[in-house]
Each structure stands twice: as C-alpha cells, then as structure tokens.
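Heads up, the next two complexes both have chain A, just with different partners, chain B and then chain C.
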Partner chain A sequence: QQQRVPNTEVYLQGSVLKPFTEFLLTRLRGICDSPGDEFRDQESVFTCAVPGLSGTRLRLRWSLLHPHLPAYLRYLGIPESADHRVMSRAAYEVPVFPLDAARQLVESMGFQHEFDFIAEGTVFRRGLLKITVYRVYRPGAHASLAPESSLVEVSGLGPSSLTAGMVESVLSVRDQLKSLVLLAKHDQKAPKA
Partner chain B sequence: MNPAGVQISAECLPEYTVERINPDGSEVHEKPPTASEAFCQLVSKIKFQQWDEDLEEFVSEVEPTIGSADEQLDDSNLSTGGGQQQAASLGPANAESASYWQNIRLSIAAALDETTALMDLLIALRQRPQALTLEPMQRDVEKYEQRIQLVVQGKKKCVQAAAEVLEKGRGSNQMLQQEVIGNFELQQIAQCWKLRRVANTISGDLSLRSAGSRYPDSGGFELRTAKDSSFEVLLPGHLYGQACVQVTLRTSSGESLFPQPAATELPRVSLCNSQRLLLAQELYNTICCECVQAGIRAGPDAVELPLAPGLCANVSLYKVVGPEIQQQEQSAGMSSKPSSQQQQQQAQRLPRPNYLSNALECLLLKRHQQARPEPGPFPSCAPAGLSERRREAGPFSRPVPEPETGLLDRLAAICRHSALYREVANLLEAWPLAEPRLVWHWQTGSSTSAHVAVEFVRRSYDLLRSRALISIGDRKAVLLTTCGQRVAARLGDVKRLLQPCLLREADRHLLLCVHSASTSLGWHLLANSSDPAASLLRSPDGQCSLLVQLDSNRKFVVSVNRGGNGDKWRRVQLDRLAGANALEKLDHVLAALTPLSNA
Partner chain C sequence: GVTVVAFIESGSAGEQPLSSGPALSGQQLIEDLSGRLERLGAERESGQFSLDMEVYTPVQQQQQQQQPASQQQPQPRTLHVVASSEAPVSSYILPSGSSIEAAAGPLVSADSMFGLLLGQLRALYQAKPGQAVHCRGPKYRLADFTVRLATAVFGQSNSVKGVFVEAEYRPCNRLQFGWPLLKEFFSGVFPDRAFAVEHPNEALQAHLQAQAATGPIDYTYPVTVQQYLLLAYQLGSSRQQMRSAVAPSSAADAAVPVSMQQQQSWGRAPLPGPPSQLIGR
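Right after this comes the complex of A and B.
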C-alpha cells in the first residue's frame, strides 16, 4: 500500500509573456483532457520554530472560489535532481477540513506562520499530470508580482513506482509546448543579495 | 554561413600598375620610376643636335677641373710627406681607396650630367623655345595591352569570387525562407488543431473528443509536405466536403412557419467545414437513434417529428461531399474549361442554418460538456478526480443527477416554444384597433421560455397606460392582466383565446381614460362595468349624468341625462363633434357639461 501512496512530485516550470498567454491556453485546451478550469487559491506557509527543524515548511492551501471544498495541507521536500531532465521532490498532501481547525493544528505542532500568497489562473488535466498557468499575488494587492508574465507549471504527483511514466509524460508535454514556453529545471535557491 | 548577411570585400582601383599575376593569385606591381629615372627618360627624348658643341665645350671646361682636383689631392698627399698618413687617415688602402673615390666620382658625374642637362634645357627654353620639343614617354604598346588584359582578368576573377559568395547566400536564404514559411504554416495549423507525429507523417484530429464527444469516427487527417516546402492537408473521402443539419417547422398544409433565407455561398473544403460535417453526421445519427427508440420513422436524410396537431418539425441533413464539390466548382465557372453541360447544372448550395439548427447544435455540445470529467481540482494542488472524502463516502456522496432528457425531447420543446413565440408575435403585430395602440417589449429567458410585456397607450399626451404580461413556455402561452385575469392558450389556440382577452383589456383602458378625464373635471364615477364595457358618471353639481358605453364594434356610445331624471337619456352624436378620436370628443362633452364653477 505504501507503493500506492503518492509521495513523489515530478515537475517543470517556465513562464510565458502576457501577449502569448492566450495562445498557450488554446494549445493546452487541445492537448489536455479537460478544457481548463479557473482557480483562485490562497496558500499559507508555516515554518517550523523547533530548533533543528527550522528548514521544514508546511503549506496550507484552500480555494477561494469553492470555500466549501476541503483545504490541503502539503509538505514539499527539497528538489532533487535524480533525473537530469526534470525536477522531483518528495510531496505529501492531506485534505483537511475545516480550515480554522487545520490552522490551529499546524500552529499547535510548533509551526509559525511565515507568509501568504494568492495564486490565480487556469488548471488543466492530462492523465495524472496537472498543467497550471497562473499568477501570484500578495493578499490584498491588485497587481501580481510579475504583471507581464504568467507562471507555467507541469507537475505530476504519484507513487514512486509511477515516477518513470510521469517523467515521460512531463517531457512529452514539454516538447508539445516548446514553441510557446520553455519548461526547464530552475535553481530553487534564493538569489544572493 | 550567416544567412543574415554576407561579407563582400570592395576593392578600389589599384595604385600601381599590375605587371603580372602569379598562379597563386598574388600580383606583381610595376614600381613607378623614381624622379631621377623619370627625368633621365625625359632627357633621352630631348634632341641636343644643335647644342652639342656647347655641351662639349662645357664638358671640356669642367673635366680638367675634376682631374686637376684629383691631381692636386694626390700631389698634396705626396708633397707633404705626411700625406701618406693623411691619405691613410683620409681613407682605406690604395686599392680600396681607388674604388671608393671612383664611386664618389661616378655619383658626382651623374649629378653633373643631370645638372648639365637641366642647364641645356634652360638655355634652350630661354634662347630657342621653338626648337625644343618634349615628347611623351612612349610605352611598349604590346606590353601595355597585355597588362590591361591581366588587369581585366584579375578584376573578373575578383568579381566572380564575390558572385559565387552571393549565389551561395541566396540559395541558403531561399531554403531558410521556405523552411520558415513551412514552420509558420505548421504552427498556424497546430494552434487550431491537435497534431501529433506518427512515424514520418503528421496527423491531426477533427473530432470533438476533447469536448466530450463519443462518436466512433476518429476524424483524422494528414499533413504532407508539398514541393514548395509548404503543407497540404489530406482529408478522408467522407470528410471532404461540407454539411449542415436544418430544422424547419411546417404545418399540416406544408407551409413553413419561418421564412428560410436563401443560401448564397458555395460549399468549400476546409478543416473547419470538415469538422462541421463530422458534427452534422454525429448530430443526425443521434437524432435518428432517439427516433428509432421513440418509434418514429427516420430516413437517411430527413426525419419528421410530430409536435402538435397540424404542426411537425422536419430535421434534414444537407451534405455535399467529394466529387460533388468539384462538380459544383466547375459548374460555378471556377474551372478553366467550363462545358455547356456544367453550365446548365444548377450548383447545389447548402442552406444557411436557422435558429433551430443552431439550438440543436448547442444541445449536442452541451451533452458533450456534461460527459466531461469533473471540473477542478480545487484547490489546484489537490489530486485530480474525486477527493478521498468523496470516494470514501460511497455512492451517496455525489449529488443525484437530474434525469437526462434526450436530444429529441429538448428539440421538440424548443420547436414548440418557437411556434408559440411566432403565434404571439403575429397576434401582437396584427392588432386591429387604432385606439388604444399596443406597445410590447420582448424578454427572452432561454430557448424554451420568453416573456413579452404589453402596454396599452393612447395617442395623446397623457401617461395613462395599462399593462399585461404574456409568458411563453414550451407548451402554452399565458396572459396575465392587471385585474388578475389569467388566460392560457396552447399551440394553435393563441389567437382564439388571447385576442378577446386583449380586446377586453383595451376596452378597460379606454374607460380608464374616460374616468381619468372626468375625475380631473370633478365628475364622480357612479358605476363601472367591464362586460359590456360601460361607465356611469355624475357631474359635480349632480344635475347631469353621463353614460359611456362601448358597443360590439368598439365605438363609444354616450348618453346624457339632465336634471337627474333617469328616464330621459339623450344620445350624444360624437360624429358631429370636433376631435381626432372619440376620446377627444368625449373630453369636449365633459367640458361642455361641467358647470363653470367646477371648471
């Protein structure tokens, strides 16, 4: 049963400029199973305050358009480069409901709230993969952090036994979108000041 | 090679004359003569015939001085005794000193020759300028022509090398341009259609499977590279054409309820039209399947659906496929050699889709949309599909879906609603009365419901209006009046049931106008009746009574009773009164009967 638990996320990221976003969405509607659904989610990031585990983060994400649906508590590990073509990391997700209780639970576990952000865009599905085209906002702000571009992310979450297949699927999507957006591995380290 | 530009070297005119060109391409330039060489050449052209004696005298005078100078130098060396030392100190040993002094002597003699020649020239110019001629330097003609040819060949070689470079660049640019054109076309096609590479070919998909369609026809097409590096589309035979499904409403006598616009476009072959052809086939097949299930007979091209007594809907499939399109193109004069037979044939054209056809297509697309998987995931980080909670909750976790109605039932509902809509519109447009007149406003809710607000207005300045509402569904049309009256009518009974009600409402509005006018003059309403429409009014002083009635022809009948005596009613002849309509005349009557104290 452990092999069937989705614990690995394989993903690639890229960006697309604002004038070409509509072309990308049109292409995704053609190659994906779903025609694309609008989403607007808010995510709270909590950092562990316990000494020795200060780098551990938990993320609580919920939908602002569908508040009646459960939120998800996520743990995302450090990106690994086991495959030189894609990025992979350990990922665990748990649906939690209601939202306030989940927040209290996380804080009682010794985590402190670090920051919030809002992601707004379109999500497509292609088999086990999810392709999201979205922008990031600060809560309460009208303009996104990057007004002239949108973030494109192709990700697949599944058990480790299906990682090879997901990698091939991610690479196939990358090749199909190559003329519009360059999906590649990115350095996740924060830029030096 | 950089296709953006080619470096071409530009050569200026050679500074020196090319004497010869080596096989390796290097040039040997002829050095220009120095000043003394040029001067000597010039001097050799000068004729010194008459001045040779002067020159010999001059030379004879100068030479002894040079020899005496040498002798004096030698004697001085011998006489002094220390001359040897001086000689030794002056120069090297005797043999070497002789050559040394000889070289000096020769150079001085050369300078002397030049100076002498210059002096002769000056004397000639001064004394006898007519005898002095200067001829230009004569070059060797043959050698000059050879040099010219060498120069031309050299320049030809340079230009040829530059031309080869330009030719190579042009060829590569052309290939690149064709490749760019081909890639651009492919990108344009890929923006609208799903393409995938299968072995060495590119195949596409015309079907609506991505929209949820489950039609078995795959709708595949191929892209092939043409000779000019562009792409051409290969369609299967059954999709090479254009088609549409047309829905018409006909009465039992064959009359069409909606006028059909004439088609003016010839069918064309394109990917969009092929996809519409596939959609039309799927739509007609779906209709036929449901007709068979409902026990309705379906033909290969047309199906007749009974809607109501005397009304049926005709669903027809119009298709122009394959060779027929080529034949039509030829008959329309698009071929280079039209024949008489082709000109006589009338080109079959597809009818333009009407509102019902578009509604039917929307029904099918909506059904495809309902067949889609669940939307989401929400939030976007959630796994795709049902959530664990829902999955674990069992079959009752999902909301109970509504019973699915077939395409045929919905189409029948839309057709009935359209027929009812048409009947109500005809009823309002054929309003028989000039006073009051009707003003109506339509509000369309959906394809099976609509509302129309009707107002009765008078052709005057007053704002008095009476309202009524007609709601049109898919089975019946319901009229609601302000007095609470409700009348429902089915297909075919709209005029018979709704028109009398509207006329009664019009009568009531007219009487309302009379009440309004009388009230403004102080009259009192004693009695009012809606059927028959009549009102009894009393003057402000109570001395006069007025009875206003509407006869069967919707004309005012006014009677006056003076003095309060109920038996003596005298009819007012409104025809003899001035006024645009009966209401204006009645206004005059009221004004005339109103006592002055109340006016």
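Right after this comes the complex of A and C.
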C-alpha cells in the first residue's frame, strides 16, 4: 500500500522569453491532454525553527482563484540526481483544510514563516505529468520577479514504482519542446527571500 | 448528521461506574449496550467502527527544558492525529495546548497521507504508541439514528478502559435544531447514562459558539472527532489525579514522571465552568 502513495517527483525546468511564450502555449495545447488551465496560487514557505533542523521546510499552497478548494501542505526533499537525465526529489502534497488552521498547525510544529510568493500561469496535463508555464511574484507586486520571461516546468509526482515511466515521459516532452524551450536539470540553491 | 459522543468507564479499570448497576468490563458493556439496541429493533451494520488517536511528541522537547528560559525557542507542540473508519481517507490533526474553545477550531482535516509526511520529519517528531487510544466496536442503525459503540484501549495494554458511545441523528446537520432530539434519543436508549447528555460537551459548545461569530455552520465529522479528543483528554486528566505512583510504561518514558508526561501530551488550559446557555435544556 505504501508503494501506491505518491512520494517522488521527477522534473526538468527551463524558461521561455516573453515573445515566444504564446508559441509554446500553442504547442503545449497540441501535445497535452488538457487545453491548459489558468492558475494563480500563493505559497507560504516555513522553515523549521528547532535548532539542528533549520534546513527543513514545509510549504502551504492555496489557489487564489478557487479559495474554496483545500490548501496543500507540501514537503519537498533535497533534489537528487539518481537518474542523470532528470531531477528528482521526495515530495509529499497533502490536502489540508481549513487554511488558517493549517497555518497554525505548521507554526505549532515548530516552523516559522519565511516568505510568501505567488505563482501565476497555465498548467497542462499529459498523462501523469504536469507542465506549467508561469511567472513568480512577490505578494502585492505588479511586476513578476523576471518580467521578460516565464518559468517552464515539466514534472511528474507519483509512487516510486512509477518513477521510471515518468522519467521517460518527461524526456519525451523535453524532446517535443526542444525548439522552443531548453528543459534541463538545474543546480538547486536555496532561494533568497 | 449531528452527533454526540459519551464515554462509559468499565468496572475492570478499578473505578466505580456512575450508574447503580453492577461493574461491567468493557466487553460486557458493549454486549449490554448492543443488546439494548437490538431489542429496540436496531440493525447491526456491516463492518467495524474504528477510531485511533495517535500521539506524536517533539524529539527536541526534553533538550529544550534543560536550557535557560531566555534561550528557549517556541517549542513544537505535541500532535494528536486521529484516523477513523468513518472517514477512511482522512486524518485529523490537533496540536496540543490549543484550546478546544477557540472559535476557528484548530483541528485540521487532512488527507491520510499526513502521517507519511510526518514520517519524513522523523528528526522532529516521534510516535508515542504508549499514549495512543484505540477504539473498536460495532455500528447499529435504528431508524434515522446511527449508534457506534467502541471499546477504548489506552496505550499498548490489552485492557479495555471503557466504552465510547456515539449517537448520530443522520438527517440533521444543524446542532441547534438537532440537539434536543439527540439528547432525547440518547437518554431514552441509555437512561442510566442520561447525565452524559445533560448539557452539550465543550466540543459541541465550541461549535455552537463559532456560529455566534460567523453565522450558521453545518455540523461536520471533525466536530465528532473533537468530541473523542475531548473525552480522551478528560479521561487522561482524571486518571492522572487518581494515580499516585505508577511505573513508567516504557524505558523511553522513564526519564519524565508520568504525571508530567500526561500534561505534555494533553497539556491544555483547564476546561471552563458553566455550560453554554445557547440552547435550552
């Protein structure tokens, strides 16, 4: 039963310049199962305040477009490169409700709020994969942190038994988008607030 | 539907039952209560009702206590995580120390995967099976009511400390309206326990008071879970007062006296006095 719980995420990231974003979205509409849904999510990042565990983070993410939906409590592990072609990490996304009680819970667990960000863009589905094209904002800002481009992510979250298949799917999408966006592994450093 | 939960201690725990009848063991209590329900025409539902209240304590806690007060960080709180057969894909989490009277209701409903996420934080939280409460028992359906009976086993012992009795009036989701009928049903089926539903318990009162602030709210399963947590807490507190010197249940617990353990696990402000006047008697 443990094997069926989604706990591993494999992914690649890239970016696309503003003038080419529309071409990318058109191509994605063609190769994906869904026509693309707009999303606008806010994510609160919390860091463990307990000495000795200060690297550990928990994230709380909720939709600003659909506030009635449950929020997600997310734990993301350190990115590893078990497969040299894709990034992978432990990932748990737990639906939680209600949002304010979830926030209190995270703080009761010894975590302190570090920063918030807003992610806004389009999400596509292809099989078990999720492809997102989005911009990152500080809450309250009009312009995104990188106004001339959008982030592109191809990721698959599933049980470790399905990882091999998802890696192949991720690589297939990478190849199909080659002419528009370079999707690759990236050196992960902790983002500054 | 609106639900009330009560706890009946079993005679084998060494305390006097509050009714005038003979002291019954947990299993005998279940049989007695089941018998009553069946004589009233209740049908036994297939499957078993189960509810588990697990406790996770912070690993760092004891180290923190040894530091001077000025250097102490806000401590992680003990977590109570509840799983129920009536909501099989859900987990309910309550950090201890939070008041059950808080209007917003600090109980978090989550996917059952929450336990696995907590497992990733092994350096932060450890499970304490010795402090868990496990409830198992039959379910009965009687007209528009469902009654769930469950023997309660505390920790890893095999002895049954008592029985939880849960009565649900399924068609109604507004506590103000359903309470009088629920009280009448419970008192009628379990007349020797009628005192347990004389007034709504603190968890139900908190649910009513939350509505005073925000307007009508539907009664949902998390309020039932709050009742189980409340009763387990009250039971834990009263047992702690009656125990003078008890051997620790495991080597890991030996470092901290049992009474302090209980406080750390279920540490909350004392419960308030007079019951809510929001609904009539």
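Observations
By definition in this document, the second predicted complex is superposed on the first by the 189 of 193 C-alpha atoms of A that agree within 3 Å, B and C clash if a C-alpha of one lies under 4 Å from a C-alpha of the other, contacts with A are read in each partner's own complex, and residues count from 1 in each chain.
As a convention for this text, a residue touches a chain if its C-beta (ideal position, glycine included) is under 8 Å from a C-beta of that chain, and two chains touch if they have at least 3 such contacts.
Just so you know, these numbers come straight off a predicted model, no measurement behind them.
On the superposed chain A, the two partners chain B and chain C both fit, without a clash. Of the two partner chains, neither chain B nor chain C is touched by A:16.
In the superposed pair of complexes, A:77 makes contact with chain C only, with no contact to chain B. By the touch criterion defined above, A:49 reaches chain C but does not reach chain B. Between the Cα centres of chain B and chain C, as seen from that of chain A, there is an angle of 140°, stated in steps of 10. By the touch criterion defined above, A:170 lies against neither chain B nor chain C after alignment on the C-alpha atoms of chain A. When the shared chain is aligned, chain B and chain C each come close enough to touch A:95.
Once the two complexes are laid over each other on the shared chain, residue contacts for A:157 go to chain B alone; chain C is not touched. This overlay, made by fitting chain A, leaves chain B and chain C with a least C-alpha separation of 6 Å. When both complexes are aligned on chain A by C-alpha atoms, chain A residues 95, 97 touch chain B in the first and chain C in the second. Here chain C touches chain A in the complex through residues 58, 60, 73-77, 79, 93, 95, 97-98, 104-111, 113-114, 116-117, 120-121, 123-125, going by the rule given at the top. By the touch rule above, chain A contacts chain B in their complex via residues 6, 23, 26-27, 29-35, 37, 39, 41, 61-63, 65-66, 69-72, 74, 93, 95, 97, 119, 121, 123, 125, 128, 130, 132, 134, 157, 179.
Of all residues in chain B, only 187, 190-194, 210-211, 372-373, 375-384, 387-389 touch chain A in the complex they form. Of all residues in chain A, only 2, 5, 7, 48-53, 56, 73, 75, 77, 90, 92, 94-98, 100-102, 104-105, 107-110, 112 touch chain C in the complex they form.
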